[in-house]
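Chain lettering (A, B, C and D) follows the sequence in which the chains are written, and residue indices restart at 1 in each chain.
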Amino acid sequence: GCTSRNDPGQSAAPGASEGGGTAEDLTIAFVPKLQGIPYFEAMNTGGQQAAEELGFEWLYQGPTTADAAAQADIVRSFIQQGVDVLFVAPNDPNSMAPLLEEAQAAGIHVATTDTDAPDSVREVFVNQASTEGIGEALTDALLEAMGGSGQYAIVSCGETAANLNAWIEVQEAYTASEYPDAEIVDIVYAGEDQAMATQMATDLMSSNPDLTGLVGECTSSAPGVAQAVEDAGRTGEVFTVGLGTPQSMLPYLESGSSSGSILWDVEALGYLTGWAGVQLASDGDLGDTSTIGLEGASGATYDEATGELLLGPPTIFTAENAGDYDY
Amino acid sequence: MTDTAHRPAAAGPPRLEMQGIAKRYGGVRAIRHADITVRPGTVHALVGENGAGKSTLIKILSGAEQADEGTIAIDGSPVSIGATTDAIALGVQTVYQEPQLFPELTVAENFFVGREITRGPAIDWRAQAPRMLELLDTVGLDRGLASQPLGSLSIAKQQQVSIAKALLEQASILILDEPSAILTDAEIEVLFGVVRRLAADGVSIIYISHRLDELFRIADEVTIMRDGETVSSQPIGELTVREIAERMVGGAISEGHHEDREHGEPVLELESLSLDGAFEDVTLTLRAGEVVGLYGLVGSGAAEVGEVVYGMRRATSGRLRAVGDDRHPASPSAAKRRGIRMVPANRASQGSFSFQPIAFNITVGSLGLLGKAPGWVSPRAERRISDDLIRRLAVKTPSGRQPIGAMSGGNAQKVVLARQIVEQPKLLVLAEPTQGVDVGAKEEIHRIVADLAERGTAVLVITTDLAEVQRIADRILVFRAGRVARELPPTASQASLLAAAAGAIDDEPTPMPGTTEEAA
Amino acid sequence: MTAVDTATQGGRHGRDPEPRPSALDRARVWVASGGLKERATLLLGLIVVLLVVMSILDGVGLTSGRFNSDYLASTLIAYVPLALLALAELFVITSGRGGIDLSVGSMVSLTGVVFAMLYQQAMLPLAAAIVLAVLFGALLGAVNGFLTAYLGYPALITTLATFYAYRSIALVVSEQRPISGPEISSFYSAAKAVELPVIGASLPLVPLGVFTFLLPVAIVAWFVLNRTTYGRKLYAIGTNDTAAQWAGIDTRRTRMMAYVTAGAISGLVGVYTVAQFASARPDAGTSGSGMALPAITIAVLGGVAITGGIGRLSGILLAALLIVWLNASILLVVPGNEGAQAQLLALGVVLLGASLLSNASIRRRSTGLTKPVGVPGTAAGTSR
Amino acid sequence: MTATAPAPAPASASGQVSLRRILPPVVTGQELVLLGVLVVLWVLLGIFTPAFLTPGSIGPLLVQVAPIALIGVGMTFVIITAGIDVSVAATIMVSAVVTARVLVAADVPAVLAVLLAIAIGALLGTVNGVLIAYGRVHPIIITFGTANLFQWLGLRVFDSSTVNGIPGTLDFFGRGAAGSTLGVPHSFAIAVVAVAVAWWFLRYAKAGRNLYAIGGNQNAARLAGIKVQPRLVWVYGITGALAGLAACMIIATGTSSLDQSVGSGKELQVIAAVVIGGTSILGGRGSVVGTMLGALLVQTVVSGVTQLGWPTQLGFLFVGICILIAVGTDLIRERARRRA
């Protein structure tokens, strides 16, 4: 026949063996939303470190644009390669669900990291921080700088990014309940474009003279909003926080145009992802986090009910500690 | 082959000698072997059937194309012409068959494109202006046109601009490829004046035309091409029109004759029809089996009458009754549904689907016939219909699958005509049906028209060609300045027809035998 | 007609002095006479080369996964929308006068959202929702068509404007959230791979979308383009709009219909992407570099002349197949980020190579045509 | 028309009269319409969001417009020749990433960095130009192809990471205090100068006028002895060079790090600005002043929507409508001109 799918012995690639086997010939693949951005490249670094320490092969390949279809092509090629464990940070959780099902049917352990695909067959979701944790930390950090009250605006990125939208919902609810004197005046979407984020932040400052706070909701808009404040010469009047990688935020943290960057130890997240992969492949216990060799990831907790492996509370980067990270 | 026996004794080397030129386009051998020798200060006519290779030969001289074989010498020294700029540097100026101009630029700018007079990087308009105005005067164009966008001028005026443009720089060889095809007689007179003066100044002129009679008024020598070869070259005085025509086709041609036909019911009736800015108060009746000629100079409004009848334009007032229907056709497809067909004047831009096969070009106007179900096309029906017409019209092509774009003008014209006679039309409008078409093909097209009329089609021929309208029309309406100036029988003298069209006072009493139904 | 002409005709085409052309000569003539204009032949050749090279690489173990029919079949899920949108571009580009549709991606997004709202939120039956979505796509296309064909806007401008506008509307009506739900999740079955009946057991699983979406549309499109008066009219207006008018073709209606068709196909792709992604994403057709540019690229690679009047279905289907399989192959050969990047390189090289190569052959056939418009696909051909 | 006897012309007198009208009017109708629309928009925005007409808002807006207008100058040239360049976004990317890397690695002076960026842009543009002029494939196809190649090249240089810690060498082009003199952003001033030079060039210089001829009828231009191919190479080269200079502005107005999304989507913004400005996509007609106004209009609409507090997603709906209205008025005027 033209097909080998009725012939289970052949469907797996060379080197892959059913049910895990030794760690030596274990392959764990990770498909990020997008390649080439510091965030996912740092996860890659963490994953590679885990691969060296725990002894498995770490494969990393991402699309050049944050596009669900391009990502699906890569997932398909990993299914074909017959990797043992497949991690995905889906651009579109819904569209990833059926693909994960296909992967599982091909004998691959499937899991998500960074962004979940909730209604899928994924075995575990390696979560950097809870939605509430991030939304609340962002709000607290900003309002601390703003003095607990005032108007602020959010510069988000992709209009349809599920995780960003979820965090924004938490921020709205949390601000309303905890900071009654504070108000979110506008939410704008700049795409993954720093310059656009800067321009939009500038426009927001012009049109809302009373604005004293800005949130950069993703790693491209976090430095963007800080840059806008710096350019407008309003450092110290308008405060910004955001989800920025430490290196890109360092100059702004130092100049004071950014009051803090809320993120997590991304390399540790990558490491944790790799570790979780090994556990999946070897039918190990995900709850037994004592075997995690990396300090930054050792605080992880596993919730069996939701299948979530949580890295821990978010980290707040400041001018003091941001320099310690090389991504 | 150059017939040296006939060449008059010349002092010094010839201005131009092209020898053994050959050129092929893919499988088509456009020129097999061409020799031409042009002496200083002479007007050298180049004639030949459509597709004989005339345009190709002069494109090689002007640098627009490169020859595969052969040599070119100017003033005795061999030259190589790899690009148009080379030719221009050698003093070769060319007026191409299709005017090569820039519609968005003004007439003034068109003159100087590519050879602007500059001061630093900037164009020096002050220096350019006098020369430009002088040239406008030379070809008889109004000076006010200088600032008009070229695209707003009529095709004839554009042609004159392109002639004037070629005079901008002192040329030693001036090539005119069918400059007169779309010019009126008065304009041709001006052109001839220019050509004669240039020749007197020692410029050599190569003049291509299908109007053989006019060549005798302007040319000194004539080179005849047939099938990509030069067949003879000699002083024009040694030949007659008839001899030239015979050499072009390589045999004897038959004399045309006008036959009388029975005319049936009126098919087209126009009453006080007017189109603002084009024509006024046009009244005419055209019967089945009758051929009526609308003769007029370019811009006389005759062309627009045809467009109104075919539904390309809407008349502003008046009555139009065509094929038993009193409504003005709203569009060509509405006209088609009534059995009205029209062959447009400009086959390249209005008629040809250049890279589509001939079969496509023939059947595209009658798609309804191509299939059993409505909206359906059957390749077999397409082949049957197109092969039939290719045979009937003697289109020179190996098969209906050839693209029309690679055909010569006359054959392309036949294909465009074929499109409109797939079904015998009740009313056929022909605009300049034989413009730029060689004598042989012209003959055939006239025969086809007569044939259609014989079988009951009413034909309206709109033309600026005097001989043609006399040959094929049963009656001639002469247009002048948007009005019907006279109605004349085809037997009227050329002088009276021309006079009526040009608006001169006409002493000759108007003979109107046979056309009794209405007076102009 | 006189005997003279028959003689010349025989002379012109009958006898040619060269007796036996060499193989090289014959190849040259074949190329010059349009052998490579048959873009399908070139593309088919490239696909065969790709498959052979990949099989060899697979054989010697240089690929990271097995290069087999299962994999090739599974990648067809991405083939369906690409081929369909390239087909949409074929209609508008072939209609000539600078025809192009930059808005197909936006129409995919918008109709996908509308479909999901009808099917998931308004609970319409599936068939009704699909029909309405396709009609809605046709309506969006009609806006393009009306502006372009009746009001005379250049197509690039019309569709650039509607690209922006439809994208905005898709985001606004969906409140920038993907629409999903149980009905839509189960609708994935319309796109997923299935076993063919009867002979299926020995064949790879082919995505159902190939049969439910692509095949019917391709068959209809083939008949429309090759066997209907509409197809003739479309090629006619694309080749020479003025001549088409003189031939009595309603050029405006014909051109408008090309855009309507493109809109309807985009609508269908909108529905398909909902199935493929198991959700209706308001940026499905516009995220990343969008769906329009790849679609135009595939159309051009498939031999559609950007100047109009030339374009065949076979070219589209093969070009899309080549690119999908090339991309899939690259992922197996080049690991890591370089793999995804190399796809860009490959697309650029294939597109430039194919256009330059076949243009050279077209040019050889038609240099010196008196009208520059006669040369399809070339810079000169667009000068007016 | 009757034939007038060819008399030698007393040229100078009547020559002066028509001379002025030989070139298109100094200000085109489209430019006036755009200027009008722009003024009305600015006044309305000034009324509804008082902060709009303040230096703090206008300054950054002008900075944002600068690279679009600057590349728009080259794109106007390209479109006048009946071409198009969809690879400018990728050109920006390559030029920006190489320049940024050099700035990080070596402390080169600003002039050198700018020259480097321009040189890279010009090189890529010349590649386009050569392929278009000598390959004679439609420009949209060539530039689609090269856009992919350039993007690949850019991604290779990025090497799967961002460029971090870019020094402030190029702050001269930035949006902050160092980027403006007397409230006028330098980058915008440069764009204005580029527009002015290009305006003069297209109107009076031989090489500039010839671009209209090439776009109007390429074959005729060739036959008239214009060296069409070198001109085309030059036009695309200039566009690339301007994209390189724009890359410097984009680095300067960005943050201290550069990621691989730099430039993305700019090609459509530039084309939008050019066509809104009244340049005919069919070639042969166009104005750089219109392009500048078009760029200003697009940015005003996008910024205006944000400042009014309307959903930002609506911004591009209005941009689309702007394109249709602007080109529509041009179409109507053109039709009226034809009829007259």
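Just so it is clear, contacts are C-beta pairs under 8 Å (C-beta built on N, C-alpha and C of every residue); 3 or more make two chains touch, one makes a residue touch a chain.
Which chain is which protein? Per UniProt: B = Ribose import ATP-binding protein RbsA; C = Autoinducer 2 import system permease protein LsrD; D = Ribose import permease protein RbsC.
These numbers come from a predicted model, not from an experiment.
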* Chain occupying the middle, per Cα centroid -> C
* When the centre of a chain is set as the mean of its C-alpha atoms, what distance in Å lies between subunit B and subunit C? -> 41
* Gap in Å, rounded to a whole number, between the CA centres of subunit D and subunit C -> 30
* Structure fact -> Cα centroid separation, subunit A vs subunit C, in Å, comes to 36
* Asked: Measuring from the mean C-alpha position of subunit B to the mean C-alpha position of subunit D, what distance in angstrom results?
  -> 44
* Of all residues in subunit A, which are in touch with two or more distinct other chains? -> 35-36, 64, 159, 189
* To do: Would you please write down the residue numbers of subunit B that are in contact with two or more other chains?
  => 64
* **Interface hub residues of subunit D, defined as touching at least two other chains** => 151, 155, 160, 215-217, 219, 264, 313
* Asked: When you check every pair of chains, which ones turn out to touch?
  -> A-C, A-D, B-C, B-D, C-D
* Asked: Contact residues on subunit A for subunit C in the complex?
  -> 1-6, 10-11, 13-14, 35-36, 59-70, 72-74, 76-82, 91-92, 94-95, 97-98, 102, 119, 158-160, 162, 165, 189
* List of subunit C residues in touch with subunit A within their complex -> 61, 64-66, 68-71, 73-75, 77-78, 81, 171, 176-178, 180, 184-185, 188, 192-193, 201-205, 276-279, 281-284, 287-289, 327-328, 331-332, 335-337, 339-341, 343-344
* **subunit C contact footprint on subunit B (complex, rising order)** => 25-27, 29, 55-56, 59, 64-65, 97-98, 226-227, 249-251, 253-254, 312, 331-333, 335-336, 342, 344, 348-356, 360, 363-365, 367-368, 370-371, 375-378, 394, 396, 398, 405-406, 419, 440, 444
* Structure fact -> Touching subunit D in the complex, subunit A uses residues 35-38, 41, 64, 159, 185-186, 188-195, 198-200, 202-207, 209, 220, 223-224, 226-228, 230-233, 247-248, 250-252
* Which bits of subunit B are touching subunit D when the two form their complex? -> 62, 64, 84-85, 88, 94, 96, 100-106, 108-109, 113-116, 118, 121-123, 125-126, 129-131, 133-134, 137-144, 146-147, 152, 157, 186-187, 189-190, 193-194, 299
